[in-house]
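The chains carry the letters A, B, C and D, assigned in the order they are written, with residues numbered from 1 in each.
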Amino acid sequence: MSVSFGEIETILDRFPPQPEHLISALQDVQAKLHYIPQAAMQAVCEHLGVPLSRGWAVATFFKSFRLEPRGVHGIRVCLGTACHLKGGARLVEGLERELKVSRGHTTKDLNFDLDTVNCLGACALAPVVVVDENYQPNASHRKLRKVLKDLTKA
Amino acid sequence: MKNEAKIGVFLCECGGKISSRIDLPAVRELLQFEPWAHLEISPYPCTAPGLEAMRAQVQEKGLDRILVGGCSPRAMKKKFAAALAPVGIEAYQVEMVNLKDHVAAVHDGAPKELARKAAALLAGGLAGLRLLEPYQPVSVPFQGPVLITGGGISGFAAARELARKGMESLLFSPAQNLDQVLDQLPRTFPGSQVFSGELTELLKEVFASPLVKVLPDQPVEYVVGHVGDYRIGLRQPDGTETEVKGSALILALDREFVPGDYGYIGGGERVCDLLELEERLAQGEIEPGKVVFWVNSAAHGKAAQEFTAVAAWRDSLVLARNHPQTKPTVLYPANITLPLTGADLAEARQCGVGFQSYAPEVHPVVQSGYLTYFSPQDHLEHELQWDNLVVSMVPGEPAARTQELLRWLPVYSENGGRLRKKQLKLKPEQVADETIFLTGSASELRDLNEVLSQGKKAARGVLQLREKAQRGALVSPVVVTIDQDLCQGCGLCEEICPCGGVEHVKPGAGPVPRHADIHLCSGGGTCAATCPYEAVKMLNNTAQQLEARIKGVLSRMQENETLGLICGWGGLGAADLAGVKGLSYPRGVYLIPVNCLGSIDPAIFSMAFVNGANSLLLAGCTPTASCHYIYGVDHCWYRVNIMKKLLSLAGLERRRISMGYLDVNQPEAFVRMVESHLDAMASLAPIKRDEKIQTKLWAIHATLHRPRVRWVLGTSLRRPAEKEFPGEQVNAVDADETMLDVLREEFLASRILRAVGDQPLSPPQIARSMDEAVKNISPFLTDMAKEGRLTIKGWEGGYPVYAVGKA
Amino acid sequence: MMGDAMAQVSTARKLEEFRLPNAEALAAYREAILAQRDPNRTVIIVCHGTGCLANGSPKVAAALRQSIAGAGIAAPVIPEIKTTGCHGFCSRGPLVILQPSGLFYQKVKEKDAEEIVQTTLMEGRPVERLLYVDPRTGEPIAHDHEIPFYKYQQRIVLRNIGKIDPADISDTIAVGGYQALATALTGMTPDEVIAAVEAAGLRGRGGAGFPTGRKWRFATENVRKHPGPIYVVGNGDEGDPGAFMDRTLMEGDPHAVLEGMAIGAYALGASQGFIYVRMEYPVAIRHLSLAIEQARALGLLGKNILGTGFDFDIQINRGAGAFVCGEETALIASLEGRVGEPVPRPPFPAERGLWGRPTIINNVETWGNVSQIIEKGSQWYSDLGVPHSTGTKIFSLVGKVNNVGLVEVPMGISLERIVDEIGGGVPGQDRFKAVQTGGPSGGCIPYKLKDTPVDFDSLTKVGAMMGSGGMIVMDQRDCMVDVARYFLRFLEEESCGKCLPCRLGLKAMLEYLDKFAQGQGSPQDIEELQSLARAVKAGSLCALGGTSPNPILTTIQYFRDEYLAHVVDHRCPAGVCKDLITYSINPEICNGCGVCARNCPQGCISGEKKKLHTIDASSCIRCGMCMDECPVDAVMVE
Amino acid sequence: MSAKKAKKEQDKGLINFAINGQSVQAREGWTILETARQFGVHIPTLCFHPAVQPIGSCRLCVVETRQNGQSRVVASCITPVQAGVEVLTHSEEVQNVRRWVLEMLLANCPASRRIRELAKEYGVTSTRFRVEHPEDACPRCGLCVRVCEEVVGVQAISLGNRGIFKEVTSPYHQHSKDCVSCGTCLYVCPTGAMEQLFDQIRG
């Protein structure tokens, strides 16, 4: 929202107006705004000359795109096979109870996003949880609870 | 395409779906004397094998028109056109008759019986195709600068984009320099200081560009012309009038925000609105103490509230950064959604900006120094302490200037003041490229960002036009022509056209022949059906073609059957869907689709009756709301009523012609409509076609060709439901009495002319032939003689003997 | 950390100065780099693979720098500290290795830096407590090449990883990078390159194992038929859960991928390449971008490479989170900016791919093999592994195994050797229960087939598949029904939903498995499930759906009794399926610390401090918190 | 008809193969389905409509093709004809796929009369699977989407989301600004599901 006309423009100017850049453009917009507001989506589609319906289809097909505002902190729980065998699923359930939010969503106070990811390729650290790009190896409920507490304090 | 038609007919078995219900060989028999050059029954004309065979026939027999008896053209026509293009057949040379959904799927009955109906519909198609004329799209020249008017900020974004792509533009703006623009910006986009930096860049570039000429926006006298050649007349301060020429129009119109009514709020001068606050911010004179932004004025809708909430958020950020002591808080209603991300919130928190939502059910109360609100979180009343209270601005009405401008353009202001472009819901191939661009917050409350990119987008649209024109690809899809000799310049067509498809003329230009704006024209055809002098003609679905098609079908119908004219959207959609869903209805109705009912000339109705129709059923979209040509169906409605009046004048039942409305998604309703109409007709005896009746029907037909009748009709096409009418238009019901008188006179006149048509007659003889009392007709005779429509051939027993006059 | 030359290059504006005009210049440049380097100079390698990073290796590196600086070692022998990609032995990270000696320290902490510097660098003695200890013998092992985990590996593709700094092209050049490209460009015709790859018998490492050379030949024929551009794509969309070979390769030796692609492009006549990287791999994306930038600077990518007139450049596309985009037609769709839905093959991408042009898509690991084939020759390569499956394959060995990590072994080595000798066996148990290979659509191989040679055809024969190289070891505590369920749920989530057998079939098959996991259903249902699985296999549009039933089919084939235990006896032998288990606390072990009670979300654990706690089964939701949290593992499940 | 056949025989470029033992001739570029239909062999379809490009998503039109010992199950609507191939439209393998797909459709499109009828033709009258949305009739075949793009040319709707959550919608589930409510999607919808969706899509 705080992002201005110029910034969206500069993102779009990186891409020649061809449909093939749709995904990359959306990724860059999301990198900037943390999500893809409808207005930005429209701007991207118009710039690349793709119908809004296609932009929407792409944004909902690929799981990395967010169409609602993101929270302040991101939590990603790995559900790769190794993590699954070592109780990754139980961690998510625990966090869902803890944050009162279902996976793939953002807490009411916009403080945390809770997402799951299919294997971060850090299987040796299973079960692994990534909080704001910090890996939490061999994560456990207690460790995570502490991490969350610190973040909310800050 | 040569003049004598070579039509190829391809009947689809549809893998048994059609052939099992309709005896296709029998259809072939029934059509043997029709004018086709090739007729073939194919299992699937639409698949690769079928299309290959079709192409082969076109080349072998030199076919120049194709008639497919299969399913719905709405789905399949494009494929046939595409497949036949390589052998030189264009889309308009392909006609389809929907045997599957209008016959096979919906009627039970012996295949031979259904074959008869199928043959009738096909015969109609053939007759229509025969009159097909070659059609050449016209390419439009496109040069000169772009005219950017309206004074909205998006105009600058557009101008920059155009300049960057080397295209000139004339930008009409109340602000003549950078500072003026920035000063005026808060009125239209409160809370936009954050952007002023890059906006300045944009403006600098525009004012510096040699390709952009920024002119003061003088009042608009007129806008005439068409894409590639627009002309705007401007009233100069000294009263003189200057004209500027341009290739395209961009209307940059923003909506001003005005102070809301906050008189009821206490607090005196410590209460201000966003605009005042921003002025103070600009001067840097911010009183110390807590600032509370209160997003109020729910009356103006959520969009406005969200808009001001964001504005407040931005201003509070500016405040918090430059004047930390103000500790701003934004109090917003809980029922609006703030388009803010966690990152935004984090940022705001850092700057120490407070966010608080209030439950809108309980209106916050302002006391000196405190603002009481009801919190949706804990259901408690809380108090916000404030030293300066800032309240919302509210969106104002479009300026008089704007209204003036819009008179000339296919743009209207909705209730609530939002500007809307006349958007006809049509398929892309029916509308040419957008040539008039409406940008800015006047149409939709938008963030400055969006408005600016709108401007840029508009510029891109123009550039595309230019690029197309350079390729010679800037052409118009559907074309009406106005016969310059017949046209009297009455302007009816201009008034009733839904898409601005008839060019305006300068004020005071008088009754000059009109020109169609072939680019804006989208083929609604109500102009052609209206023109008193029948000067307007649609290409490639002419009244003549429809007439021929109807005759073709009628000639094969039985007395108890009815002719159905259905619009290509609601009516046809519902009828097709009835077939898809396998609903069943009596086969006594013969459907002929037209693009819009509004395009049917009233004389078509009478023609149908003259040629043996016993009843007509019309089905169109539900009026106004869903008509794809906005008023087309309404126009048809009144024409139908004229026909009813004439029928009763001729002593026939009014209900022989009836009109209904359908949504594309209402197949069941369509079935009920057909059943009930046929029931009603069953109770009527067929019209007995004796001399007298035929004469009257002829008279009706003649009446409907009378310019006088058509004029009155053309001025009273509007539904009572409507409030305001353009130009000469009047409410149909108000005009009803006049209309009836005119019809009576002209009907009688037509009968008289018919009577004396063969040999001169004296009043008693005329009266006898019309079995009317002499006194009823003699005044007319004298009048008509005066007008010269009758001449006196001589005298006989003291009576003048009348013959048809020259006039 | 970058060589001086490179330091300038990556910041240089007028790159022309650094472009290598020809192959000789490349050789000369390499000589220059090697000359700079003192072979006896101690190099301290700190692994910066994701595993070690997460365990704080950057801190370790920093600490080492500090202590060295503090120790005031004389100028000429200042040890260089090199940060490298993943060494593969992730379970022991952070790893620190001293070259040239090869002294190997595991699980190094920040605070150990001082001691390493003092003891090892100054006094020349190893720090005993940081050495790897062989779990079987209990003996400490000092050097990496002696550690079984490494000893039995044969590192062809991973050869440089752990030796080079992926962010510094001069490192790559020093170890002979881009020599093969030079050889190909200057000494071979495109056709000879293809012939070499064919002769080497290289097969696609992405899963299907299609002969790479044949694919290339097919593409070139198509280009001959319809002249026009052709594209090469590196598929780094490593979606299989439990697999991270590609990531390690892209992070640790990005140039190996670039060089392979460049050679392939030369053979195929392509001038544009794409690398499609999963967005979950930010480091890989960073290192690849850097590598491309540096390669361009040296004229190893871009126009007129090494003065041979061959133009080739590479663009990176980030995946947007769709497993199915590993499927080549879906990958093409998303490269074109469309929804990643597969389209039926034929036509194969090698015939009609990106923008309707022939397109060669190979897994990044496949590309990684190419340069070696050119460098050492087809014969050498085809001697590795077994007939029909030549060369080596990288596996990510994870799950219930002591040495979790990345292993590269010659094809045909037996499953048992990988798990027991390299993997060091299953913790706490003498044998594995099953090994799942080939990712979600692979299969579970039971212990009784432990001698299965790991190559394309043998794995397919036993109902599993090579896949991209995920190898998940399972023990007695893993429930096969649950495993099948896990993979199907994964696939259901990732199915694009285009074709009905996949979109609805996965859902339907899951319905059966859920029933089983709840102890419901009948043996008859198992038969039905198999029939449904066959329908999905046959009916699906792409490989994702076509192979999705494999987890079910193999688990039923090898572990039918476990299925029956669920549906007939209503019990989960492994104690995993929630509805069939109960948690209880072992009175012998419980020390009454009360952690479980505090953590129980249901508050259904009671007991006084320092006394035995008990679980109220009636309100227990079997979330497993107590078991996860119990410090003394007193919580039992059956 | 026979005259046409004869004419075809003369032309070159004929591809001969067999459908259910009956030998048929086709041309380069025809699909198995088109050829079968031309020769009066019935193959069931759901996501196929001649107006738009086939995508082979419903898999009801699958057939078994046998050539030099290899047997494959392919979607006939997208598979080009091949000389000498032997096509079986109702083999056991094929029927197994069809029946399961139909049974799953019964559970996922319970509201569609036409699906029920189609299933009945293949002896599938009930489903063993859970019915979650009794009102749902949409098989997500995307015919509406394709016709909106390829025939109408407005692209008002698309298949949003993926997998089991795939849905036909206008962007953001808002009334589409592009939709011209021409109803062509209604016309081609094979299950009647569009009748429910139509009003929320069009403006």
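Criterion: contacts are C-beta pairs under 8 Å (C-beta built on N, C-alpha and C of every residue); 3 or more make two chains touch, one makes a residue touch a chain.
In this text, all values refer to a predicted model and were calculated from it rather than measured experimentally.
Colleague: Return the chain pair with more inter-chain C-beta contacts, choosing between A-B and B-D.
Modeller: Counting C-beta pairs in contact, B-D comes out ahead.
Colleague: Per the centroid of Cα atoms for each chain, what is the distance between chain A and chain B, given in Å?
Modeller: 44
Colleague: Compute the distance, rounded to whole Å, between the mean C-alpha positions of chain B and chain D.
Modeller: Taking the average C-alpha coordinate of chain B and of chain D, the gap between them is 36 Å.
Colleague: If you average the CA atoms of chain B and of chain C, how far apart do the two points sit, in angstrom?
Modeller: Centre-to-centre distance between chain B and chain C: 60 Å.
Colleague: Between chain A and chain C, what is the separation of their C-alpha centroids in Å?
Modeller: Taking the mean C-alpha position of each chain, the two centres sit 23 Å apart.
Colleague: Which residues of chain A are in contact with two or more other chains?
Modeller: Answer for chain A, listing residues that touch two or more other chains: 54, 57, 61.
Colleague: Return the residues of chain C touching two or more other chains; collapse runs of consecutive numbers into ranges.
Modeller: In chain C, 322, 339, 493-494, 496 touch at least two other chains.
Colleague: Could you say which residues in chain B touch two or more other chains, in rising order?
Modeller: None at all.
Colleague: Classify the inter-chain contact topology: is it line, ring, star, complete, or other?
Modeller: other
Colleague: Touching pairs of chains, all of them, please.
Modeller: A-B, A-C, A-D, B-D, C-D
Colleague: Which residues, counting only chain D, touch chain A once they are in their complex?
Modeller: Interface residues on chain D, with respect to chain A: 154-162, 170-172, 176-178.
Colleague: What does chain B use to touch chain A in their complex?
Modeller: Those residues of chain B that touch chain A are 194-195, 198-199, 201, 310, 313-314, 317, 339-347, 446-450, 452-453, 457, 460.
Colleague: Across the complex, what residues on chain C touch chain D?
Modeller: 322, 339, 343-344, 492-501, 503-508, 511, 528, 531-532, 534-536, 538-541
Colleague: Per the contact definition, I'd like the list of chain A residues that touch chain C in the complex.
Modeller: 18-24, 26-27, 48, 50, 54, 57-58, 61-65, 79-82, 84-85, 87, 90, 93-94, 97, 117-126, 128, 133, 135-137, 140-142
Colleague: If we count contacts the way the header does, which residues on chain A are in touch with chain B in the complex?
Modeller: It is residues 1-6, 8-9, 33-35, 37, 39, 42-43, 46, 69-73, 106, 110-111, 113 of chain A that touch chain B.
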